[in-house]
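Each of the next two complexes has chain A plus one more chain, namely chain B in the first and chain C in the second.
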Partner chain A sequence: MHSLAALTPLGGPLPKTEKIGTLTISEITNCALASVTLRRGKDQAFAVAAETLFATALPAPGVWQQAGVYGLIWMGPDQWFIEAPFASHEDIAQILKAGLGDSASVTEQTDGWVRFDVQGARVVDLLERLCPAPSRRMQTGAATRTLLEHMGCLVICRETAQHFSLLAPRSYAKSLAHALTAAARSIG
Partner chain B sequence: MIINHPLLGPRDSQEFTYLGDASLIERPDWQAADAVDQFYDYLYLRDNPAGLHRELWYHEQGDRSWLVVTRNTLTHDITSVELARDVAKAKGRST
Partner chain C sequence: MSQINRIAGGLIDRQKTLEFQFDGKTYQGHPGDTLASALLANGVRLMGRSFKYHRPRGPLTAGSEEPNAIVALRAGARQEPNARATVAELYDGLTARSQNHIGRLSFDLLAVNDLLSPFFAAGFYYKTFMWPKAFWEKLYEPIIRRAAGLGSLSGQPDPDLYDKGFLHCDLLIIGAGPAGLAAALTAGRSGADVILADEDFVLGGRLNSETYRLDEATGADWARAAVAELASLPNVRLMARTTVLGAFDHGIYGALERVADHLPSPAAGTPRQILWRIYTKRSLLCAGAIERPIAFENNDRPGIMLGSALRSYANRWGAAVGQEVAIFTNNDEGHSTARDLLAKGLRIAAVIDSRADAPKSTAYEVLAGAVVTNTAGRLGLRSVTVGLPNGQSRRIDCQALGVSGGWNPNVHLTCHQRGRPSWDAGLAAFVPGANLPMGMSVAGAAMGQMSTTAALASGAAAAVACLADLGVSASLPKLPATEDSPLRLTPLFHVPGKGRAWLDQQNDVTVKDVKLAHQEGYISVEHLKRYTTLGMATDQGKTSNIGGLAVMAEMTGKSIPETGTTMFRPPYTPVSIAAFAGRASGVDFRPTRLTPSHHWAAEQGAVFVEVGMWLRAQWFPRAGETTWRQSVDREVLATRKSVGICDVTTLGKIDVQGTDAAEFLNRIYANAFGKLGVGKVRYGLMLREDGIAMDDGTTARLAEDHFVTTTTTANAVGVYRHLEFCRQCLWPDLDVQIISTTEAWAQYSIAGPNARKLLEKIVDPAFDISNAAFPYMGCGEITVCGGLRARLFRISFSGELAFELAVPTRYGDALMRRLVEDGREYDATVYGTEALGVMRIEKGHAAGNELNGTSTALNLGMGGMVSKKKDAIGSTLSEREGLNQPDALRLVGFRPVDPQHNFAAGSHLIGKDAEANAANDQGYLTSVAFSPSLGHSIGLGYLKNGAARTGEILRAVNPVQNAETLVEVVSAHFIDPEGERLRA
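Let's turn to the complex of A and B:
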């Protein structure tokens, strides 16, 4: 048997947290992630299966919502990202596929992305330096895919003007961490 | 420049990439008897209007949808933005 050490996207054995001024930037690794895409012509079967699985309808454009253990995030027309605690849902793709059957295509995404959570009263000041999305107007429940310092990112508002999650492709981890910490230092 | 995305509202143009004339949606039937002539027109012949122009934009750094944007080439004023798949469906092109 191999005995391989799991590394975080930033390359350390444990996720990093950095405090800069009043802002906290944390690498988050306790989340499993999968994408769910509606298959053509399966709208009705998909709506029923999704409602059974999540006990709610999937969110509208630009919106995410928590449904039990699942975070449901709108990604694009007929596509959603589903997040859940890694400890209980490491095999999230299989769990979702079992629930949705052939009405949707499910793809494992967990290790494809790096997630940073930025918290603090000046989080909007930070995002406005990096990102064209209107972070000051984003309320709890808003989620949108946009650019952040030229990197394609998913911006999720967990709490209005206080707490945002930023997801970027995993290979951008160090670049995104650099952009976030540099911007945080410029705010002071 | 701001593009008013039909699903997401006003978005900065740096999130988008440009493809070209919206007539690229109208790909000819390759089995038609005059397919060669049709593809010649499809590939090479374009209007170059000074005024309203329908064109394809891709929301690459966003929700990855294709849009049909009507833009005035003289003023850059955008008068209409539709999802390309809605345009195609309205023509019976896709189900």
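Let's turn to the complex of A and C:
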């Protein structure tokens, strides 16, 4: 075990949670993340390997799907982000590469992103102040890349009108947290 | 003064009394009042002075189209100039001041302009203030700006918050009058996602201002019931106080919601206004129509207003403008006004109807075929002079005159995408043309459906049609029986006369001004507008444009539609700049990116610099250091003496994988990458298609099919975008996958003679980083600090033995602290971007200043890097003759002949004895720094044929600061020219 202590994207030793009104905004750090991209001409092998690894096919555009410990998120043409618990999958890139072999390129993304989960009955009101994605229409499992206060983000609907995850490049953590808390106060 | 003109009825809450101030005087009103209605109820007709002539003015309208009743609302930092009193909701404690006068509103010193009016006709400024030219900026303009112009800003920062927001709907209905409500009921009941937006604070439009019934209900009650039903539907979003201000591309609308303008101040943390972007599948414009005035001499006195406004003040707000009212009309609506006001107990002095066949009445006097030719009353209307059909005139005493010249459908938003309206001769008005913004339909009065019955029916039918387009079936609701009378209008735009008849009251443009414009050749409508200022300013000519057009048409002998219309542009009504800025103000102007060592650096008191959105430590001041140079010099010297540490995370990192990754890089970079060995790093230069240098960086090969390419901080996004374009569009046949990993890894440069010794304390013993095992330009995946996965690159931009070490970002803070702690025995020093810059200049390494968008590989002294053995982007065009002249600029070094002298980047290089002019320009300095290692300033710069001019003495001329320094041409590599240090 190495001797370096981790800091969260917001710079604390532990993730922060803030409650504003009925909304809860939580910094999520217990999630490992890697990108998986199909290699050219390996469609067949990739489909088989992915199905073996995740016990399901990878999701269609605009979709997040939970498959056992893995969260599967469509990110772009032939590209997905894979989530898994950090404690068991800190080396997620190696695990996925071992499963997918030469059919895919895998890149560790765990610390490339900051994730905030916003939960509460007014989460859509909050998102409507920040982001052009049609959050009111997003059902559980909808995932989209969008802009949020000038920051390129990934928005995932974990539960319709109740629970969303927002991922942005990690260095924006403080600005994104500020935008979220400001919007939460704004909707009153 | 109590509310002497308050009359019965209206949608105001008389149980509550609100106090407010206008020009320092306290008045009373009620919830539901606007500032204008409350002032009128208090007998105040004079609310401002006009723009140019400082004529006394009162409200012309009761809505957002108001040109005259423009006031400064609130005080202190919240003061808002140029607010329309007609739409300002009254609240307890509201303060307002009139604008545009010196001295009292009732005795404005600048009213002298009115007496001098013959000198202020259209084009006056253009003609008068041409000479002498130098006087314009210093003398004329300040005087004119003082005399003309509207309100002024407080000059203090806006204390309020402004939000932006985004909404999506199937159908956006713009306007909640009879057509909009009928449409919303139809669409809402079908289950479609509907947004109904209206600028007013009470939905219902004219239904709240008229007295006719819908079945048994009053208009206001019917509207209230409709709104209550809509509010109960979860698929309908009602947005009162929301002005849809523009129709933009692809069915997107902008709308401003005034969340807290009706309150003394917004609740803490909540916005004053929200600027919404509404994405629609279909939109239905039910914006109604605006009544238009008729121009006649002195038609701008307080008390003269549109007939519909008189009815609104009386019926909706229980406010009379005067006890004796005259009506001037060219259609039947003037008679409705007379009947409504009579019912309210006011005296109708006469209805002056320009039509010979005017309806007769037993309840009031009708002067058929007559026109108003003049008025009297300095600060408010006292009487009107009527020209009778028999040629005689008659004076009629009155305090209010309601003018009804017909209605202009509100086509504004239909024209936001260059659509032009069409002329409806029956209405004598423009109606929406065929070319509407995508997905837009129009209903109700905005479509020329002028009766309430027609408006209700067209709103409902249009909603059904819009939804049918979307595959939603909706059925027509049962609509109430109501008013369905024809307008019976005989066009009359102005009454001929010798005096001034106002067309545009906000800009003080008269019929005469339009005639003068015509006489001087400004016949095009666009020229007319700019020459006379007709239709400009906050009201954008909502009550004046058609009148101006009509006069111009009369002059040119053309019809109004042949004369044309001016463009309509967003926003429909004024929007404060703060609303456009939203939250992007002050420190939150844009998001900030923080490096992994940011918290540590902040603890050290680092001075930060913005690099794009990143905040990077610029230098780390220590106790006793009083200037930045002391800190930077110390950081440089300590690094060169022992070891320095710098956070270089901000450099872009792009993961390039795939079986064709090497070939991909070979095509991207001018130099070869195909044979780069695994575990090796190579410096690469990428060119633009035109052969100019685009970006540089190192690329490490971690595996046969896996590279990590770095970019400069500034170009990280641009290079990534370029690579994606190449991958997807130029060479889709290559097996290559790229993704950014910039933020996934915290990366530190460890440079200096003791860099390896320090690293050996961090890197796990299993990994040999000796010079033999890990030579210059080596790389590898290693572990540090007892097993943490990491990447090590042996690269240097400082001329020192140097490494870059990357760990997962969450451990970046701890790694920085560990490096500092373990480096203590070597006096390890953390350095910022300034020292980084000094050291790369000392080494002669090109950076952004040199890769400036005009330089080629040859200019950079890297011509040999452009491989002739392969094709890469830019390599062919880099061979252009013009880029390869013998005297091409070459990057060389410069030092001052006298080491005490300084010089500045940007200075131009001129021959020792030549005159400093463009013809003698030999090149320019790109980067200059004080080298603490050498003890004098050094510079890098581009010099014609510079490689062959070593030892030559030139002048670095800085005409901006009027300075020049003698400099000697030297090698760009001031430190470690042979590379022994970095290979140590």
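As a working rule, the second predicted complex is superposed on the first by the 185 of 188 C-alpha atoms of A that agree within 3 Å, B and C clash if a C-alpha of one lies under 4 Å from a C-alpha of the other, contacts with A are read in each partner's own complex, and residues count from 1 in each chain.
Operating definition for what follows: a residue touches a chain if its C-beta (ideal position, glycine included) is under 8 Å from a C-beta of that chain, and two chains touch if they have at least 3 such contacts.
In this text, all values refer to a predicted model and were calculated from it rather than measured experimentally.
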| item | value |
| --- | --- |
| Chain B versus chain C as contact partner of A:Pro61, first or second or both or neither | first |
| First (chain B), second (chain C), both or neither touched by A:Pro132 | both |
| First (chain B), second (chain C), both or neither touched by A:Thr144 | first |
| Residue contacts on chain A - larger count, chain B or chain C | C |
| Which superposed partner A:Lys19 touches (first chain B, second chain C, both, neither) | neither |
| First, second, both or neither for A:Leu176, with chain B first and chain C second | second |
| Contacts of A:Arg40 with chain B and chain C, given as first, second, both or neither | both |
| Footprint overlap on chain A, where chain B in one structure and chain C in the other make contact | 40-41, 132 |
| Touching residues (chain side chain B, partner chain A) in the complex | 7-9, 11-12, 14-15, 60-65, 83, 85, 95 |
| Residue numbers on chain A that touch chain B, as the complex places them | 40-41, 61-62, 75-77, 132, 144-147, 152 |
| Chain A to chain C touching residues, read off their complex | 1-9, 11, 29, 35, 37-41, 79, 91, 105, 107-113, 128-134, 136-137, 149-151, 169-176, 178-179, 182-183, 185-188 |
| Contact footprint of chain A on chain C as seen in their complex | 161, 163-168, 267-271, 274, 277, 279, 583-584, 588, 590-596, 598-599, 614, 655, 657-660, 705-706, 733-737, 739-746, 783-789, 807-815, 818 |
